[in-house]
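Note that chain A is present in both complexes that follow, paired respectively with chain B and with chain C.
Right, the complex of A and B next:
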């Protein structure tokens, strides 16, 4: 069952500069999808479109089969949302916020709330303004998950947190996910977090989905070839080789991202460009990200 | 649900503060209308900076599973309370005059509520038009307190609210559908690297740090309030610093650049001062010829309020520097800012028995009167001495600022 359907979505803030330019993908129930992309790639815009906070200029979006522009309240009842710049009323106490959220959601789980509050060591009588950034984010997480949402949308949820707080935040998210079978869509710049949590990654570049793949499959099927520059070796020539996802000039060499087994890719390049087989290898997600979206 | 939303609204604490402060103000002065108007100005400015006053909803509120109209209604209630609570306290004593002030601010709110200002989507011209509408309404209501005018303004407010209500989407939008054209910039003027040539190039970041609609509104409010009652203008001291409270933070990134700290200090100190002088120059051109019961001329007020406020702003800004220099907490900083103000008022305390035209004057009237008379009635040497003292304070603070190892507490926190 598809929880999210995003079809050919276009959204711009300025004429002729689309942030999202025909973005399309879908998310199945129970999936954990990491949304990646450079700054300005359209991640936040897309997540806000899903929440009904921004209207797409063309294309169709369906969340739980509903249009976020027409039924935003129904969608928000079934969704948890945490954003990096989602500032809670600073003078509100944690207890007041939790009480308020409890009154908004019919399925609020008091036991989960208690468990999380004690796990995070939060003081219920503390005001948001008195809390550290990490504590405020933990309150946000509690507010987002205790109604057992079917979909959890996290927009840079751990941005600005120290590694320990980030790990704690994300591990809690995973545990809650495993317990409740929630679908999670989150954006992040921390590749280690994405590798730890996500089962699938969607990479946005220039407003389009550049890569949409299962994470394990991505690691196994993509490799990077480093080909020294030469008469026959140019970016265009490398991109013309079968299976090339993207190539870029890196000074003395051309780096290319290819689909396929490293040895097979090396042989393919050697045959096409008439050069010695270049070094090819599978690399971590962060390297792949840089090679694919780097300038 | 509406009450719960009101309680969590970022502007709600200001309603509470106003409720507590209003009765005190009523006791303080028999000329409380201008104080109250200034208080409204300050609250609007402060609530704007701390409570997203100008937005129909924050990101947090838009994410709640509630219809946009419910959230919008709660914001309207909060902002209406912001104007109504102190107004109701003053209503029995001042009647139509206070109603005029309340309605003026209600116009401002109604106009703001019709905007779509979430995430910078409000067009600049609309902000200017709405500011102008507010000022016109305020002026008209103050000068012509007629029943039909009140009714007309109420009708406009209701029409604006009704229009907004019908236009609200199911969920709040954080960005407008309207697309702005991309401006094509010309080739920027260049200067040799490291030369630091060109006054405009060097100072453009400073200019951009404070250029906006707030200075326009500030000047307008100062001039208009000054035209209503000269003493009132003195209380706009609350308004302008609040509009410029972010000036320090917006300039502090330059600490990490090879920009002389003297220049940073001069800009941060100079902008509010220049604004005050400009505002009170305008005030002097438009104000009436009395200060409370005292007849005065325009020139007198222009010069004296400008000077008196220069003194106050210098002190306030100086305390700001001290607070940052000493790495104090914000609350301690506020105390230190309030101390010189209290000291100035304390200077007038022994004179509170002063009578004007055989009539006992209120404390605030005497304060405003004496503050202005003080600077003109002094002999020239004393005025020069005062000016030298001001310069001395400035130079001391500048030196102190230049010596500071850590420019501000925020930077220190982030480093930690």
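Right, the complex of A and C next:
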């Protein structure tokens, strides 16, 4: 069952400068999808459209098959959301925020709330203004998950958290996955976190989906070739080799992202450009990200 | 058995898990009939997605190394045999890395071999103490 459908979404904040320029993908029930892209790639815009906070100028989104503009309450009842810049009233206490959320949702899980408050070591009587950035995000997370949503949408959930707080956050997410099989769409710049919890990654570039793949498959079917610059070796020449996703000049060499087994790709490049087989290897997501959307 | 995963490693996480379990079977640290941690518990312990652990277990089951008994858990299969050839292949990879390191620092094959022998003696000594 498709929980999220995003069809050809276009959204510009300034006329003629689209942030999203025909973005399409869908998320199945139970998937954990990492939404990646450079700053300004449109991740936050897309998540805000899904939450019905802004409208696309063309195209459509469906959440649980519903239009966020027409049925926002039905969608929000079944969804948890943490914004990148979640703003709560500074004088509000944690206890008051939790009470407010508890009263909004019929299925609020008090035991889960208690467990998370103590795991994060939060003080219920602390005001938002007295909390660190990390603590405020933990409160936001508790508010987003204790109604046991079927779908979690998280915009940079680890933004501004220290490594220990990020790990606690990941642990919480994994327990949610274990208990309820929650569907999660989250944006992140922390590739190691993405490797830990995502089963699939969607990479946005220039307003479009540039990669949409099972994470393990991506790691195992893409490799990076490093070819020393030479008479026959240029960015254009490497990009013309079969299976090249992208090539870029790195000073002394051209780096190419290729589909295929590393040994076989090396042989292919050697044959096409008449050079020695270059070193080719599978690399972690972080390196792939840089090679694909880096300058 | 303690597993260790590195999200920034060259292999995807499910492959890292498969490899470590396979090595542990080859090295007799895991024996036929031994019970494995459930995929959910292992996921929580390693802080990785439950599906990733399940994928590793499923793949190992497909290879005949594990078997799942409904309601009882996942066990090392009675017929679990690890192909020595695959283990040797991996050892060759590690040897290549060792030699690269030796050559980069101006050492030769003999230096690398004597380093291996010395390491073997050290490991033997620690084993004697155990």
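One rule holds in what follows: the second predicted complex is superposed on the first by the 295 of 295 C-alpha atoms of A that agree within 3 Å, B and C clash if a C-alpha of one lies under 4 Å from a C-alpha of the other, contacts with A are read in each partner's own complex, and residues count from 1 in each chain.
Methods note: a residue touches a chain if its C-beta (ideal position, glycine included) is under 8 Å from a C-beta of that chain, and two chains touch if they have at least 3 such contacts.
Note that the coordinates shown come from a computational prediction; the quantities given were computed from them, not determined experimentally.
When both complexes are superposed on chain A, chain B and chain C end up sitting side by side without clashing.
Once the two complexes are laid over each other on the shared chain, residue contacts for A:69 go to chain B alone; chain C is not touched. A simple residue count on chain A separates chain B from chain C, and the partner touching more is B. Touch criterion met: A:32 reaches chain C, while chain B stays clear of it. By the touch criterion defined above, A:282 lies against chain C but remains apart from chain B after alignment on the C-alpha atoms of chain A.
Between the C-alpha centres of chain B and chain C, as viewed from that of chain A after superposition on chain A, lies an angle of 140 degrees, to the nearest 10. Look at A:55: by the touch rule set out above, it reaches chain B but stays clear of chain C.
Looking at the shared chain after the overlay, A:118 reaches neither chain B nor chain C. When the two structures are aligned on their common chain, the gap between the nearest CA atoms of chain B and chain C comes to 27 Å. Residues of chain A touching chain C in their complex: 32, 167, 170-171, 174-175, 177-178, 191-193, 195-199, 215-216, 219-220, 281-284, 286. Residues of chain C touching chain A in their complex: 7-15, 40, 43-44, 47-52, 55.
In the complex of the two chains, the chain B residues touching chain A come out as 1, 4, 7-10, 12-13, 50, 58-60, 62-68, 169-175, 177, 179-182. In the complex of the two chains, the chain A residues touching chain B come out as 12-17, 48, 51-55, 57, 68-74, 76-77, 81, 83, 85-92, 96-97, 100, 103-105.
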